[in-house]
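Before we start, here is the structure in question, set down as structure tokens.
By written order: A, B, C and D. Residues from 1 in each chain.
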Amino acid sequence: MPFVYHRTIRFADTDAAGVVFFPNYLTICHEAYEESLAEAGIELKTFFRKHDVVVPVSKSQAEYLRPLTCGDRISVTLTPALVGTDGYAIDYQVHHLGRPDKLAARLHTEHVCVSSVSRERGALPSDLLAWLKRHAA
Amino acid sequence: MPFVYHRTIRFADTDAAGVVFFPNYLTICHEAYEESLAEAGIELKTFFRKHDVVVPVSKSQAEYLRPLTCGDRISVTLTPALVGTDGYAIDYQVHHLGRPDKLAARLHTEHVCVSSVSRERGALPSDLLAWLKRHAA
Amino acid sequence: MPFVYHRTIRFADTDAAGVVFFPNYLTICHEAYEESLAEAGIELKTFFRKHDVVVPVSKSQAEYLRPLTCGDRISVTLTPALVGTDGYAIDYQVHHLGRPDKLAARLHTEHVCVSSVSRERGALPSDLLAWLKRHAA
Amino acid sequence: MPFVYHRTIRFADTDAAGVVFFPNYLTICHEAYEESLAEAGIELKTFFRKHDVVVPVSKSQAEYLRPLTCGDRISVTLTPALVGTDGYAIDYQVHHLGRPDKLAARLHTEHVCVSSVSRERGALPSDLLAWLKRHAA
């Protein structure tokens, strides 16, 4: 089942055009990713910093469909999928909540699992596999 | 009664030292400010962008007492005070929630009310006065 | 001829993993874009804010090949290409300067030209066409 | 002699009010600080991350005098001063370059020197003392 994250657009997300600065959609989706990991019992303090296995983003894609402005309520729907044995991809849909909700952006990130010591690719640890299983389509 | 805002520290808030980058404490406090204005019925979309009266930050101060890291749960306690008839100051206390909660930072901002047309100082509009009364010490 | 922009990686670009936070590659490429527009005589103050024609980013892609850390010297090589009569795409190559230089990331953005009044697509203005001609492959 | 850093205001520095978001003045001043340290031969990659001595910001202050917008050329003048034997303060003046230049902001940060192992205060290392001497008033 996809993970759903709710968020309000903040003044700091915006730029002088009055709308969310396009790189910040990736930042907002990463927040949803962090929240989904925390909910699965993964310790964020070490996951992104000192883990023996790290899972950096290798690729990202985004389609910006509608502008978002300060105060807008949004949802981010996150759906991960296993890629091989040592990576995963995440699809994100950002909706502007309203009557009706409207799709504002679609994003996609790819991640590879790497040993932080040897820098070689390695299998996903069991806690990430459990997180994947929980939220895969 | 002070306004209290809850927040999780995000990966995007941090820097290569592993902790929240110090200018981001101001950003986080501004989020609390936005949330308190929205709760008082003030429309954020126009308040920061097209209002006939704008209330820019003229000064800020911060004391950084404890580092915060990704995943930390925090509260921001916001207390505004009227300054003259055309400005206000806001005190912020950032607590790292835990057992026990610990004060992580103290911040202070000063705001002046200015006509967006004439750029002259002017009295605070009634909705901001109501917001101030609601949360003043 | 491609436009080349030079930049130092700043502490604010990094995250708790000690490297540039991946959305910030888009931010850095946008700086190169701004610099190339300014060099072509386009007034940035109005271009992104009050122009009668706006050219928002509709899509972005990125491949992150090597981490970058605070103090690294980089170059961003920007190559635009016309798409139809009312849009353009930009390819970016980010190199970590050293002996030898190493490709650190490849990015791509797509832009559509829109009337800021009618919100309908329209032909590119002559100053943007001149900018495109100057830097196209 | 003060250190002077030049910079162009970027779109990413701005917010929906069309001007530099106030916490970003601190970010811009930190860039000037980084540049002055690098110029004094201090290795940024380790200084902010893995040094045995770290010098976190303990306090900051800012006065915002004039708005800055995308494309503005600015200078940041940095003047450090020793505080006791284990800390320093830095004064920053941000000027909007033009005819004539105009003071846009004044900022101030305070730093304490701490062992990254024991977390106790300690004397400044010789490379920082040399940097201080070079740029003190």
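Note that a residue touches a chain if its C-beta (ideal position, glycine included) is under 8 Å from a C-beta of that chain, and two chains touch if they have at least 3 such contacts.
Note that the structure is predicted; figures quoted are calculated from it, not measured.
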**Prompt:** Between C-D and B-C, which chain pair is linked by more C-beta pairs in contact?
**Reply:** C-D
**Reference interface B-D: repeating pair among A-D, A-B or A-C with over half of contacts shared** = A-C
**Message:** Rounded to a whole Å, what is the gap between the Cα centroids of chain C and chain D?
**Reply:** 27
**Message:** Counting only Cα atoms for the centres, state how far chain A is from chain C in Å.
**Reply:** 23
**Complete:** Expressed in whole Å, how far the mean CA point of chain B lies from that of chain C is 33
**Fill in**
Multi-chain contacts in chain D, i.e. residues touching at least two other chains, fall at 11-12, 15-18, 21, 23, 27, 30, 48-49, 69-70
**Item:** Residues of chain A that touch chain D when the two form their complex
**Value:** 11-12, 14-16, 18-19, 21, 23, 69-70
**Item:** Residues on chain B engaged by chain D in the complex (per definition of touch)
**Value:** 15-17, 21-24, 26-27, 30, 48-49, 54, 56-64, 67
**Item:** chain D partner contacts - residues on chain C that touch it in the complex
**Value:** 8, 10-12, 18, 27, 30-31, 34-35, 38, 43-45, 48-49, 69-72
